[in-house]
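Below is one structure, written out as structure tokens; the observations come after it.
We call the chains A, B, C and D, going by the order they appear; numbering starts again at 1 in every chain.
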Amino acid sequence: MDLTECIHNDLFAKHVGIRLVETKEGYAKAEMDIHEYHLNGVRMVQGGAIFTLADYAFAAASNSRGLLCIGVQNSISYFKSPKGKKLIAVAKEVSYGRKLCSYVIDVTDENNERIAQMTALGYLKQPKE
Amino acid sequence: MDLTECIHNDLFAKHVGIRLVETKEGYAKAEMDIHEYHLNGVRMVQGGAIFTLADYAFAAASNSRGLLCIGVQNSISYFKSPKGKKLIAVAKEVSYGRKLCSYVIDVTDENNERIAQMTALGYLKQPKE
Amino acid sequence: MDLTECIHNDLFAKHVGIRLVETKEGYAKAEMDIHEYHLNGVRMVQGGAIFTLADYAFAAASNSRGLLCIGVQNSISYFKSPKGKKLIAVAKEVSYGRKLCSYVIDVTDENNERIAQMTALGYLKQPKE
Amino acid sequence: MDLTECIHNDLFAKHVGIRLVETKEGYAKAEMDIHEYHLNGVRMVQGGAIFTLADYAFAAASNSRGLLCIGVQNSISYFKSPKGKKLIAVAKEVSYGRKLCSYVIDVTDENNERIAQMTALGYLKQPKE
């Protein structure tokens, strides 16, 4: 399985308007232009859209080392409503073990203000499994 | 602000194909038929879609008591890939204080197997604020 | 390795004054009498003491099926300061897969008021590993 | 209320053998020498001890700006069993709003290996409340 291709073929990420900007080992950056369809009923970007952006950066980073990584747990905190027209998520590796890996994902707006932070835990599937 | 209307006017929930099935005080149920656009690159329902469904049930439940509730923190764990064509999320109140409230949201598939569980913390905006 | 004995030989749980009350498959109950040494600087029961009680109930429940379970992730929310002289933690199984298991742990005080809730994820060590 | 004094008068932190090493605005460092009483039944440092160390660093950092901060939610992931005789926790500010603040706390062992990471959310009590 070509993991890079898998990340690019994520249909839900496409549906939500997310694009992958950069990937390297243990790192990824993704962006999303804010559209009308991202808003909730009080006209703020919906938490699920912010989560999906951050989770996609996590998926790209955690699958960047050649092993299939399956997300098992995420924690996200929201700090403020974004300003501007774009959100950026950057995923950085915190730990990469034999079975589990962990990432921190920061979501910032166009003014470079941090609007949310996620931590994510992945399960690494060894080839023989 | 009519909070019930706000929940119904959630554009992102609509974009993701989520419908609200039931709301009562401290409780909500939402559903989502699984479409091609919900899938990730390995053809499983993407975590962001599952999160968004659970988070929307949380929003409906936590705004059901007349006070505006803003989501501040979510934790989600994924247990298995869903079977069937539909996902159901049920949000139940765990605690409702003066400033903060907490919910557990269970996501099940068509076979009634639990596929994910979220806990969510909301901040309650008092009218005078 | 006798897992039941391992749970009973937890030196830190003893140091914190925690006792195991009941264990059955996928379930455990633990208690802690509140002492002066459990308090923080504002004279409330310290979060770490509440966490340790809940986590010990999780350890007892998740090791009750014969496989060694190692805790990998916990989320805890605090709702109110406890009343009375005792805290009780009850751990219930949410999911038990081949590699991962998940529990919800409720912490209540003497008045049966919920003061905190934890969710916990464990990694199951298969015998051959 | 003198918050610095409150942090120093934390009886549970003392009971667990934790000492505060450094505090500045939005930052704190705490340490703990590993003793026999910190171990669980499989002779590893118990999760509750690691949590308490990280949470205490969070308390010191989040109360460093003059406002009383009450911990409301923590997420912790464990990466590996520590080597050596000492654990160090460093808490850094991620966000400090009007009502809520957020911190990341890294726990390392004597070899400077990261063994756990916590994220913590606090509620800020305004003077008039």
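Quick notes
The rule is simple: contacts are C-beta pairs under 8 Å (C-beta built on N, C-alpha and C of every residue); 3 or more make two chains touch, one makes a residue touch a chain.
The structure presented is a predicted model; accordingly, all values stated were derived computationally and were not measured.
Across A-C and A-B, it is A-B that has more C-beta pairs touching. Over half of the residue-numbered contact pairs at C-D are shared with one candidate from B-D, A-D or A-B, namely A-B. When chain centres are defined as mean Cα coordinates, D lies farthest from chain B. A straight line joining the Cα centres of chain A and chain C is 31 Å long. Averaged Cα coordinates give chain B a centre that lies 27 Å from the centre of chain C.
Remark: chain A and chain B have CA centroids separated by 19 Å (rounded to whole angstrom).
Among all residues of chain A, those that touch two or more other chains are 72-73, 75, 77, 100, 121. For chain D in complex with chain B, the touching residues are 72-73, 75, 99-100, 121, 123. The part of chain B that touches chain A in the complex is made up of residues 1, 5-16, 36-42, 45-49, 51-52, 55-56, 59, 68, 70-78.
Of all residues in chain A, only 73, 75, 77, 79-80, 94-95, 97, 100, 102, 104, 114, 117, 119, 121 touch chain D in the complex they form.
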